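Dumping the structure here so I can ask a few things about it.
By letter and in written order, the chains are A, B, C and D; residue numbering begins at 1 in each of them.
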Amino acid sequence: MHSFEPTLPWLIVLLPLLGFALNGLAAFVAPTRKALPALVAPAAVGLAFVIAVVNFLAMRAAPPLAPVIVQGYSWMPVGSLQIDAALQLDQLSMLMTLIVTGVGFLIHVYSVGYMGADPGFARYMAYINLFIFFMLVLVLGSSFPVMFVGWEGVGLCSYLLIGFWFTEKANADAGKKAFIVNRIGDFGFLVAMFMIFANLGALDFATVFAAAPGAFPYAGAVVTTITLFLFLGATGKSAQIPLYIWLPDAMAGPTPVSALIHAATMVTAGVYMVARTSTLFALAPLSMTVVAGIGALTALFAATIGLAQYDIKKVLAYSTVSQLGYMFIGVGVGAFSAGIFHLMTHAFFKALLFLGSGAVIHAMHGALHHTHSKWDAQDMRNMGGLRKHLPITWVVMWIGTLAIAGVWPFAGFFSKDEIIWQAAARAVGPFHTWFTVYWVMALVAAMLTAFYMTRLMIMTFHGVSRLPEAEQQHLHEAPAVMWVPLAILAALSVVGGWFNIPEEIKRIPVLGWLPGGPWVHEWLQPVTRTADAIFGAQVGALSEASPLGGGEVAWAVISFAIAVAVIAIAASMVLRWQYRPALESPEPAGLKRLLWRKWYVDEIYDVLVVRPLVGASRWLWRWVDDAVIDGSVNGLASGSRGLGWLSSRLQTGQLNTYAFAVVVGVILLLAFVVL
Amino acid sequence: MIDIPFFLFVVFAVVAIGGGIGMVSSRNPVASLLFLVVTFFSLAGIYVLLNAQFIAAVQVIVYAGAIMVLFLFVIMLLNLGSDYHADIRRFGWIVAGFVAAGIIGGILSSGLTQPGLLAGGGGGALVDASVRDVGVVGAVAFPLFRDFAVPFEVTSLLLLVAAIGAVLLAKRRV
Amino acid sequence: MVQYSLWLSAVLFALGVLGVVIRRNAIILFMCVELMLNAANLAFVAFSRVVGIDGQVFVFFVMTVAAAEAAVGLAIVISLFRHSESVDTRNFNLLRW
Amino acid sequence: MSPTQPVSALGGIPFLVIMVVKVIVVFVSVITTVAFMTLLERWISAWIQDRLGPNRVGPKGLFQPLADGLKNFVKEETYPDQASRFYFVMAPMLSMIPAMITFAVIPFASPLPTPWGLVDMVVADLPIGILYILALTSLGVYGIVMAGWSSNNKYSLLGGMRASAQMVSYEVALGLALIPVFMLAGNVTLTGIISMQQQMHLWYAFPLGLAFFLFIVASFAECNRLPFDLPEAEQELVAGFHAEYSSMKFAMFMIAEYSNMLTASALMATLFLGGWDIPLWQGDNMWLGPAGIVGATPAWWKTLLTFGSFATKTAFFVFLFMWVRWTVPRFRYDQVMHLGWKVMLPTALAFIGLTGTSILVLDSLGVPYGLVYGLAMTAVNVVAMVAFFWILDRDRVIAGAEGYERRVRIAEAHARGMRVPPPVTQHAGD
């Protein structure tokens, strides 16, 4: 059996960079020409995808047991530390590369249609190409510093793209908020990186993961600290509590950006990072519990906020935060392949939903623009009954909704159910009580997901149209360049789950009659086997039944039934609710208002963090600085003034005299050293 | 047969010291400057004798070709070359200066040439070997860009700061 | 020859010191400083005959410092001159008391 | 002693004799060439201005340089009142000496076989090679500045100051334009650079065209030739730094200027056009290293042919100097500084980066140094040059009226109310 040889691995990374260079040049030289960016940007990512597929097939033919490192050049040879610009090709990074380039390519194509009329088209294309480049660096980097380059780079691109329409202050502010919040997370990543270097003396994955099980005792303080800091980084990038606040604001960017960066790829970087460092996390059970706990809390919390939002993109944004929470439950309980699998299916259906909402907004915007209406094109209260105007969008959005709600046989059913089940099955270690709680939270969040997604669909597409007659005439379906990617993503949202059907479910009579098997799980086996081995040795075998009894099969059926029931109930409820257009609607009241105002988290942060900081600074300035420090300094100063007046006689103001004093000093020093 | 390199060294050394004396004692800044250039030249010659040809070339390019031209430019810009007045200090200071310079020179010459510092002395062979292997420029370039890469980058920063500082200082209104 | 070079270096440095102490023209003071830096350079090059090529590399850094110093120093001289039409250090004694 | 060994291996008296012969021959040739260059310049200027030029002394005016020389010797030496006499006399010497001795390191033909061994056709093949030329040219400014200052004349002083600022500025660009050559050749000796060009089968003018262009411009500035002749701008400064000079001292400045031109031309030919290399012929690809000859066999007729090649290239650049002088107007002083610091310096730096990257990429791809290597670099360079001239041009010449119309169209499109206000274009100031 021949071994896996990467084919042109650098091109995967460099093609998007080349695209960025060309588009960036175009943005400067000929900002009004659109043909070049429209061609170059998707082509670069598409080619990268093709190469990734070629490599993937080669890897499938001969799965390597250890990661294949592609050396570039020596980047930072500093003393004993050798950091190379190198790519690491293994099963995990290969899968991520496929997702990033594949979904990325579709969104590039979609963007050609969506952003085609924007004057900053070339700049936009350059940014997203650059983003793809950095994301690939993040995914393919073979060491923490290289990964960090990608990590920072995607943050930068995110900032640039959120504030893409920077002439409006709100957009620019959203960009800055994302950047600053991300920086807090990056600080955690950096600290973790320094600690790893201080403890292991190396930063490349191969060395670190090989040395970690020997160097760190199980559940030791150092490895727990490192992983907690790493997770701080992940919360920043992947929008988890308490650093999730930037992501909803990030919807200020163009919608394809929201789909690409804030749903499908960048925000999953934290999940990827936890999976990548699974060896370290496996050594720190406390950190794992924290990861899963934050994930569960976020999943539930964000889902509740999603219930009461009116902005279509805001709902999807909180849905993204919630789904990311699921992924963290997955990786947090130790089911890394389940987390990564949900990452993959989520990339499909969330990109689909975002792009679909983009098509809706595109249509709404066009219609409102025609009649110069001041209505908000993104507020669902202004929509309703769009089904007959946007049939394709309607169909694909329903597919996405069923997928995210976890309805068999759509993608989300398999991935989300896997995570929920794993949370239950792994509730065996020292923290099993917590895990049980997480499991319940995840179940509740799943119900909420089905509810708010159904609400979104009904409010947007069904019922009576709340748009005036004049505008309705201008609603039209998106062009082919936009709906074809939607169709592809819809197809993926249907079949995406079949890549990882557990053996148990295969055995169920009706639900199991699908092509596929536990492929993703087996595929990722070489990457997670160290972590799995640590689990097996330290925690023991997994539980066969959930805390409430019943095995995987039973809960799969139950969750399917619940999802369908919730969708049906939600549909009938929302259809009965009377909505009025946004400008005429009263503010929500009661609990709804609490959810609508997002649990007042931004306000709480303002009160708890921002104002105390300002107040403390002011207090320090008034009392500590002015009174204590300045007082003592002034006292010292007046005391020294007398002394100074005496010694000032020595000061003649003549440069040469000073120079002579220096010379005398040098003579004394030299005499001391030499003689 | 006289030792030609040593003979050349003596000539250069005498010229260098003469240039130094001339620089310190000339009343005209332009004369001082030219004396200093002469000193720099003889130092370049001595560098060649010490098998540091590259340093010699850089010495001429940087010191004589750039720094001293800058001095000359400033002297001319401020028109200091034509109407100068005595700028040497009073007799007492001259005596003090000579005493200080003498002491420093004495300590340095005895300190630098103490046998402990010059023991071994295999560096010359190392230098000659690397000059033979990688050429005159390579002999300096390889350590400069490998072992001293970080200091080298820092000096580039220093130059940048100096350039900005000079522009700011010399601008008419800041 | 290394030893003689070091002696020469000491002499040149002493000359620079002498100049700094007895001259009052700011530009000549700068030149004296340059002479001292060059004396150091000579010592470095001479020591490179003892310890290897590193001595020559150090000369590079000294030259950079000299260039930076000349740039800033001459800029200061120019602004001083603009202030009082002179470069005599006797005129610049505002920093006393 | 076999004839493939360099004659320097002989050592002792024969070597000294050969060296002395070479020095004398080269010196005399340079002086003579310089003398006839003055005549050539006058002929070319006459031709460009459609008049006759010198044609009285000797056949077709060929003896005009002799007559000029004689005239300069017998004219009265004048000294300005209150000039510092010592510096006044020293300035022309300081100007001429570096100009005369730079030619020593330029190889002007392939090695000549003699019964005693191979004689390399260069006065001194220094290991620091071109750094020697840089060092000496950087000294040329002293003569000019001293002349300007010691004349005790405001115009002269202005000329001298301009010269010092201009030459220091352009020396930076000159040196930086050479770095790509060093990087590609991996060598600073001129013989080595010629040999590397022969091994590539491509002159460096192709892979390093942008550096070549910058080098030409910087050389013009270093030689104080039009369009950079601000130190002697006769319309503004009478005659600039040499306004007070007469007779032979004046002639020395002229000799310095023309021999600088000659050296610069020879240098351009050597660095970028292969020196004495004859194009498309492998028979002259030889290099005389310390260990002996590498490559083709030397022969006396090859030496003659290669010298012809070298002379042709040099003559072309000399002609270019003169051609430019009589066709291009002078820059303003601020334009000179702007060009030097804001255009040439960044461009040279960027090109260094580009060249370094290309070399790194080609090396890591395992492309062997040769024609393919050179062609790949040429492709990169062509892109860089097109970009450079395009950006420098900014629709002034290349796009012309069409560019103007396009800007108008863009402005109108923005005025029609698109979502984003017009990006602040780089064309705004034109």
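In the analysis below, a contact is a pair of C-beta atoms (placed from the backbone, for glycine too) under 8 Å apart; a residue touches a chain by one contact, two chains touch by 3 or more.
Just so it is clear, the structure is predicted and the values come from calculations on it, not from any experiment.
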| item | value |
| --- | --- |
| Chains linked by the largest number of contacting C-beta pairs | B-C |
| Inter-chain centre distance, chain B versus chain D - centres from mean C-alpha coordinates, in Å | 29 |
| Geometric centre distance via CA averages, chain B-chain A, whole Å | 58 |
| Geometric centre distance via CA averages, chain C-chain B, whole Å | 8 |
| Whole-Å separation of chain centres (CA-atom averages), chain A against chain C | 57 |
| Multi-chain contact residues (two or more partners), chain A | 656, 660, 663 |
| For chain D, residues that touch 2 or more chains besides their own | none |
| Multi-partner residues of chain B (each touching 2 or more other chains) | 54, 58, 66, 70, 77, 89, 93, 96-97, 100, 104, 108 |
| Chain contact topology (line, ring, star, complete or other) | other |
| Chain B residues touching chain D - in the complex, by the definition given at the top | 30, 37, 53-54, 56-58, 60-61, 64-66, 69-70, 72-73, 76-77, 79, 81-82, 131, 135-137 |
| Residue numbers on chain C that touch chain B, as the complex places them | 1-19, 21-25, 27-28, 30-32, 34-35, 38, 41-43, 45-57, 59-61, 63-72, 74-79, 81-82, 87-88 |
| Of chain D, residues touching chain A in the complex | 360, 364, 390, 409-410, 413-414, 418-423, 425-426 |
| Chain A contact footprint on chain B (complex, rising order) | 89, 93, 96-97, 100, 103-104, 107-108, 110-111, 114 |
| Touching residues on chain D, where the partner in the complex is chain B | 84, 87, 126-128, 131-132, 134-139, 141-142, 145-146, 148-149, 152, 157, 160-161, 164-165, 167-168, 171, 175, 182, 187-188 |
